[in-house]
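In what follows, subunit A forms one complex with subunit B and a second complex with subunit C.
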Partner chain A sequence: MSEGTKEPDGGEEKVVLKTHDGQEFTVDMATANQSGTLKNLLSEVGSSSNNPQVIPLPSSITSRVLGKVVEYCQRHAAGGGRRGGMQALEQFDEELVELDKDMLLDVTYAAAFLDVPRLLDLTSQAVADAIKNMSVEEVRHYFGVVSDFTEEEEKVIRSECPWAFE
Partner chain B sequence: MASAFEWDRLPHDLQHSILLRLPISTLLLCKSLSRSFLDTIRSPTFLDAYSSLRRGRRSRHRDDLFLLLFADRSRHGLAAAYLPSRCCWLPLPIPPSLHHIHASDGSLVVAATGKNSGGDVVCDLFSQTLIPILPRMPHSYILALIDEEASSDFRIVAVGSQKPVGNALNAVYVSSQVYDSRSGRWQPKGQLPGHYAMLGNAVFLDGLLFVLGRLPDHLLTFDLDSGEWSVVDVALPPPVFCLHLLVFDGRLFLVGGLEEDVVIARIGIWELDLTKSEKEWRHFCFMPDECFQEFSVNELVHFQTIDRFGIKILARACFGSTYGIAEMISTSPKRLAIRFTCFHVTYIQGTYGQNSSIFLSAIEASNHMDSQFSVSMPLLVGLRGSIFLAALRLEADSTMEDLKAALNEHVDLVSELLEKFSSELRSGFGPAVDNFVGFFHAIDWKEPWLICLLTFHFILLVTTMLSRKNVNFQLCLSLLSFSGVYFAEWINSFLGKNWKSFSSQNYFDPHGLFISVLWSGPLLVLTILIVVNTLFTLCHLMVKWKKAELRHRARLARDKQE
Partner chain C sequence: MGCCGGDEDDDLVKQLLPPDSAHDADPSPDPFLASSSEVLSPMNSNFSALASKDLLRAILELLPPADLARSACVCRLWRAVASEREMLERAFKAPWKVRRVLGCVAAILLSASPSGIPSRLWASSD
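Coming up: the complex of A and B.
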């Protein structure tokens, strides 16, 4: 979705992010620098617009997920300094995390991997908000967790927090 | 595409990142999800991070519990917290090494660790971290624990007399000392400006600690930095009992019960405007009757109040039954709304049913335990075992709420205008009828002089009708009634001065409404009748005259012919 959204203008350095499923995202340096991981990587290897670096990403970051991250980084690289843009940016953030559960957790994972602290904040908070009013069973289902307590332990837990199992 | 997401696949720091953002209640719940959750949440690194993040930023979102601490003295303590969003109670374990909990602010409590009163600790109930503090002076008790915002520092204020406990009432001046977590030391600071039988709860506002001194009743302030005590020049609202100070939204409030015949008849809230030079506890509101009845059940002789971040109040009548919550809501910077609710608590009775052995203490304790009783309130020892305290917290106003409030205010204004306008429209018709009905009912029609007046009008009417043939008489009558109308004003003012001699009340208002309706009105109606009658007579006369003329002409013509 973000592929080629930014036309390469002469002289500006570009980076190509390549996902495991073969999609390529071309982003400029300002966008890439939002990610601590990419920033470190690029400061070591360097890059140029004529021959952009291609950075392969692990399989856990799909093109759909990366699209979200790139969208966030581009928006924040461009919109941070604009006057009056803060509100629009906040709204953008809010809408960005309106995702289904798997997608949200994948984006959280990608944000952690690429080291985008503010995106990580955002998605972690969204996950926290999502499970805030759930019961134990619902949270287990949400996170794909299977109880590994023994029956007695489970019983003790239930008697300690009867409210959580309602 | 990723398959179904698995929590355990997440790196640890990511798990932390999510868990750190959970409110306390959800975090407690997460402990029972699985072993890995339990281990993560119990790990010291996570607890430290959670504790500092929660306290450092003072996030209301995370601190979503109302805390009610139960310190069972025989066994080790257990705390119960009320979770408003789910309307349920959560048990919270208290570290077994803690004994008496003296005071608290939020999840931070000051407690004794052993039998010897010297060794206190400050404990964060959620992270279960213990911070030992140096012993305070002997025979003192902790007045307040102040958890500072935006840092993990705290201060503790303790007061006590230097004399042994024995004759506390004769004790000399009570001195105070302050513990600062930054320096890690107790420092003697200040002396109370007099002797008080007891001190009530303390609240921290704008760098000052406000304390209620009882017997004599004074509002005291304590400056933590300079160590200066002073008395605020303000009288307590009379006759109020079970007092509790609370701060909400930077304003100082007092909660108390108004006493009538030994029982508390109403619970009210008063506010003290600290910016004014002439200080006065201004009445803010009373608990609504229906709520109060539910709260007090039969007779209310005593109740306790707790608040947290200014919210709430909580109180209760006799052991473990009813709680009332007054939730202060700031609807705009200038306005505060209070919502009262009552609820019955079954959890406490069911699970901690041995009333006699339960001692309830609290977060932001308003009455402290043993030490306070023995030092300064020997009279209240009898209440042991039935003192309870709870802590509640308030969703204080956020910018969003302010915005909403401003919007609401605007809407209010517009709807008020609309209502005024429409009522003015309606008032064109409705009120006239209402006024007339009201006027009619306001008059006592059985008064003799009124009956005479009505009879007079009736006779006049009958005379007019009987004399309809006599035009001259009617003319005189109409002249008379006109003069009656003409003199109405004079009559009104004359009778207005002398109404006492003949009437039970003064009907003769300066506007002359009464005289117009009962005197001038009928006379005018009478004259109108006369005029109409005269017109008829006139027409009749003209017809008669025309007939006579025609007849006369016919006769003339006939004479000519002859």
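Coming up: the complex of A and C.
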């Protein structure tokens, strides 16, 4: 991950995000502020380049997942004014959510936890698109959800909504 | 959703009781929901994303009506979220471009789905 633990350059405020698996991501404030959660936190504790705040993250957000979120936040902190304008930014968004389902769901969770609303919109839409037109069994299989309806209930559902299982 | 573990016996008892007994406390029209409204499914999913109602809501609210209806058949948690009046209204309003939805949305929604109307599962029991 290129945005790993590199030295903060000249004076700018930085913050270090530390994942449960021990990786550190040093990001500038503009990037961190894309996350509502971090923004709130940092407005209270502050951070500086000499003594950057280290924020530990829960184990559910692995370094691979955080890498994606940081990538998104960095790109969006820079806005559409860089690297080809809004069109390039939209394309970046599109490509960012082309993930396998585990990654996609983990990034969705991270976006919600870190409160990055537009990233959450992107990933939620990608998940919704993935399950469109799936049968109930396919959805269960896709997400690894085991039905917790009783046998009886399952029978009723199947008899009353047969189309949902086709 | 603060109840994880501990109350399993109570929940079991609740599920064994006839749905009517739970009705006083819970206005939910769906007897299946009434028996488990605040109980998290033993979500056997590996994904933390799907164990949270808020996140599930964020995803399911983007689905068209037929897919939302299908989601309600996946498991208890999905059913609870997919059956929320706001979810149903949203799904119903978008494709038909209506401003307000009156009456039992679930019944209307399902009547618009691919084949027959599994109304008993959705419509209010009165």
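One rule holds for everything that comes next: the second predicted complex is superposed on the first by the 154 of 166 C-alpha atoms of A that agree within 3 Å, B and C clash if a C-alpha of one lies under 4 Å from a C-alpha of the other, contacts with A are read in each partner's own complex, and residues count from 1 in each chain.
Here is the rule we go by: a contact is a pair of C-beta atoms (placed from the backbone, for glycine too) under 8 Å apart; a residue touches a chain by one contact, two chains touch by 3 or more.
Because the structure is a prediction, the values reported are computed rather than measured.
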In the superposed model built on subunit A, check whether subunit B and subunit C fit or clash. clash
Is A:Thr62 touching the first partner subunit B, the second partner subunit C, both, or neither of them? first
Taking the superposition as given, does A:Ala128 touch the first partner, subunit B, the second, subunit C, both, or neither? both
Just to be sure I read the superposition right, which of the two partners does A:Val136 touch: subunit B = first, subunit C = second, or both, or neither? both
Would you check which partner chain A:Ala112 touches, where first means subunit B only, second means subunit C only, and both and neither mean what they say? both
For A:Glu44, decide between first (touching subunit B), second (touching subunit C), both and neither. neither
Look at A:Glu98 in the shared chain and tell me whether it touches subunit B only, subunit C only, both, or neither; answer first, second, both or neither. neither
Touching partner for A:Leu120 - first (subunit B), second (subunit C), both, neither: both
Touching partner for A:Thr150 - first (subunit B), second (subunit C), both, neither: second
Which of these subunit B stretches, 21-29, 417-425 or 507-515, gets into subunit C when the structures are overlaid? 21-29
Of all the subunit A residues, which ones make contact with subunit B and with subunit C? 60, 102, 105-106, 108-109, 112, 120, 124-125, 127-128, 131-136, 139-140, 143-149, 157, 160-161, 163-164
In the complex of these two chains, what residues of subunit B are touching subunit A? 1-2, 4-8, 10-11, 13-14, 17-23, 26, 28-37, 83, 85-86, 88-91
Per the touch rule above, subunit C residues touching subunit A in the complex are 15, 32, 41-50, 52, 54-55, 58-60, 62-64, 67, 69-71, 73-76, 78, 113-116, 118, 120-121
Where on subunit A is subunit B touching in the complex? 60, 62, 64, 101-102, 105-106, 108-109, 112, 120-121, 124-125, 127-128, 131-136, 139-140, 143-149, 157-158, 160-161, 163-164, 166
Listed in rising order, the residues of subunit A that touch subunit C in the complex are 60, 102, 105-106, 108-109, 112, 120, 124-125, 127-128, 131-136, 139-140, 143-150, 153, 156-157, 160-165
